[in-house]
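Before I ask anything, let me first share the structure, which is written out below as structure tokens.
Naming follows writing order (A, B, C and D), and every chain is counted from residue 1.
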């Protein structure tokens, strides 16, 4: 396969006084399927430039209403991804999702194909641009809120691509009637969901069919490693508890954590290092780490 | 109190080829209260010798039937504590508990005073022997099984000593009738508990009075940071779930995790790094870390 | 104690066309302790007048903001108590509680002594006025909302009086911060609670000390028969679930039911016959029924 | 359809001294589908003989290893069904199920067609033999253990037949790996299940496909009234809790009760009157009762 032309540019100036010297590329990752120009940030650990090794890749998805650069710009500690990339020697990729963050090939909006984009086009582009471990054993995925949905959803539907998946404060049930929200917020999010999943309550029920909470059989068959967490004050805590209970009931291995806090960047900044620790253990067991 | 003479000796030869060069002392820490000679292992990070800084200390308790050296000898990776001490720049102390692991001043067996020993004598000895942060803000405690009970119990009763506590697969309820065990195992453990807590079912009920699951009000008043985990196949999972529910119900902040696995060293080796990550965040927020 | 003079009068005219001919007295039951005139309704089964037998008594408590006649006037079916008294051959007494429904001897408002009133003065008056089984084996108590609190609270504190207790949609935790209510409602109920229990958050914590959810040890020691239910849409469902979990965790026998519905008379009208069926089985086993 | 010949006979002699004079027929109800002779007991309330009214019918299923006469012979009180039929004025039918109690048309054992039998042949026979309300509004079904599975399963698959269903100590998950049983008991029941559902773990998974716990979407669509209970010491309590949680999560109305006790006739004798009370309220609302 011919390598697509590279567009690498520095998204964030590195603070020279810091010990962390991970490098961040902003990479054009166009979607042929959607005929759209989209970008991703790629955090390369300091060791990458000096090494000839192939690196494991962590895909890290943003939430609804967000964009690819969120994980670099919204965390209280702006160097969080740099530090984690350096400390654990892995590449972190933050791709662009749909504005709502559906991360699926919409059955309704025909040019909304973010499952194809993230799981096929982005992975190919990253694997063709960087020295990566081009195998599920070196590829993991997580995300926050709608990005938690995206990570679990894509990993469950593409077990050949990812050996492990995570979710923080994730939308484990797309049926927003299961969320603890007030009517105003519901009114606000309704059109976005209708755009990609049709009207809630229609037949066929695309909300149910695409919700992680209903994919337990597939999750069991896949046997991937899973890390799930949510804040006890999060409006999404109940669907997360429901998923945990269904996994326990079906004896499906997973890490499940409840922590203080709600749907905030403080929560996600705190949560991400636990996910990276979790993934690193798996990557090590897979022989997919750079020493 | 007169300080007993120091006996420092190397407990484990360091493997020269490893990058981790944390040093392990085996320290005599006699108990004046119990008139007994006891020892503790002290893991000093590599940086300690070259530094003049005061270090935070993690107290790490063994389980029932165990001893102070367990955490160095029983983990599949024998360098686990070395790595964590080096990576996070903290001192790890593994003191000796009672054979059963009660970690309390027995109301029945008058010379069994492990609350006094661990929370007073060991802390004083460590603070007088090493460059430590001699304050609750730099002192954390965790443990496995009966050591999880010990860590939570001692932290709850001595909030002036520890800013945070953890438990892995912990005995959150000393009433062994709440455990998922077979009658043979119950018969086996019964005499040990009777020795330090009297017969189960007597009045006063020392089992209930000394169980973490019943100390929720005190935990709430203390406001310490807490990390609690247990394997879903552990015979102690239900009392851990019960504690979590009571903490949630009483809106007490804590991290709670369920993971695959049971009451095994594989579980604890996996769990400990999450505890250390958790504690490090608190120590950082307290300004109690060595850069 | 001198018995106050009897004032018996018919509170509700009986509908002549109905098969149910239970008779309802409105009885003056003054409180010597509070120096107040109060009334109770007493529903006598049809058989009572023709019989010389002693009857079991069901005490049935009203909710916060309610009064003694609620159970006769607020149920959609105004003959509900008549039917139950006739069908199960028992006397039903609906006494007057405090306006809020605390059913306790207030540690704050010195002339608010509804524990003394309901558990001593009312019981004595009823036993001295009617042919009752003057023993715990023939005495049961239940109630709705604050009356559910009252029934469980009084039965737990007076096991010598009641062999069984129930609660429908009960206030199992007086700490209203555990309820799913909006701030306006909280503001509205706050003064009433402050009047009888002091300010929430004060020391000593009268809210905690008088909440059924915290009386599990006493409940266990008593060994009374218990029936607890709540609607899944009720703002009190979580404290009811918490009580159920604590009872299960402590292996305390009880019937626990969740049903559709919220905090409404439809719910209570539906619930009461289940309570009466439950109590009748106990009364039968106690030999405390009229054939 | 030609009516099969009637064989009515008295199964149990009525105790002449009792007030309850319900009459019990033992009725031949052959299965044309299975070409087998089978029987059912039919409990007719005392009023039936003197009335010209059409009566509602309660179908009451036996458990695994049981037979049609169990509900008349195994309850401690041998007059339980007589009393309930008289008290609530309904016909109670206890049909014969498969020896295991699958109550399904086996995809494996081609002549095991108990779904067809109970939901078609028995209903037709009863409706053609007695004055019944020949409509879902007057037809309810419940059962114990495998009969609880049967009742919920058949009602869910035939909402046109039954307006309400119940289960006591029911097998809500046919996958016996979810039960709290010892290996010996598992070995014992395995062949029976294999006979009607194939080997556990095969594809397609007939155990999952036919388990009530997995039929939540259909249950939601049907909107039938449901009553579910189980003893806290029952080996089936966890799948019952799981069903309850799924119903709550999906906001599906149902009554759910946990009671003291295990898998015993004492439990079922206690439970049945609550089911009948529940059903009677529905039949009343449907206008399907005999005054």
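Criterion: a contact is a pair of C-beta atoms (placed from the backbone, for glycine too) under 8 Å apart; a residue touches a chain by one contact, two chains touch by 3 or more.
No experiment lies behind these values; they were computed from the predicted model shown.
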Separation of mean Cα positions, subunit D and subunit B [Å, integer]
54
Roughly how far is subunit A from subunit B, going centre to centre by Cα mean, in whole Å?
35
Whole-angstrom distance, CA centroid of subunit A to CA centroid of subunit D, is 48
Edges wherever two chains touch, nodes for the chains themselves; is that graph a line, a ring, a star, complete, or other here?
ring
Going by the touch rule stated at the top, which chains touch which?
A-B, A-D, B-C, C-D
Quick check on the complex: what are the subunit C residues that touch subunit D?
232, 244, 248, 253-260, 270, 273-274, 277, 281
Under the stated contact criterion, what part of subunit C meets subunit B in this complex?
177-178, 208, 217, 238, 242, 245, 249, 251
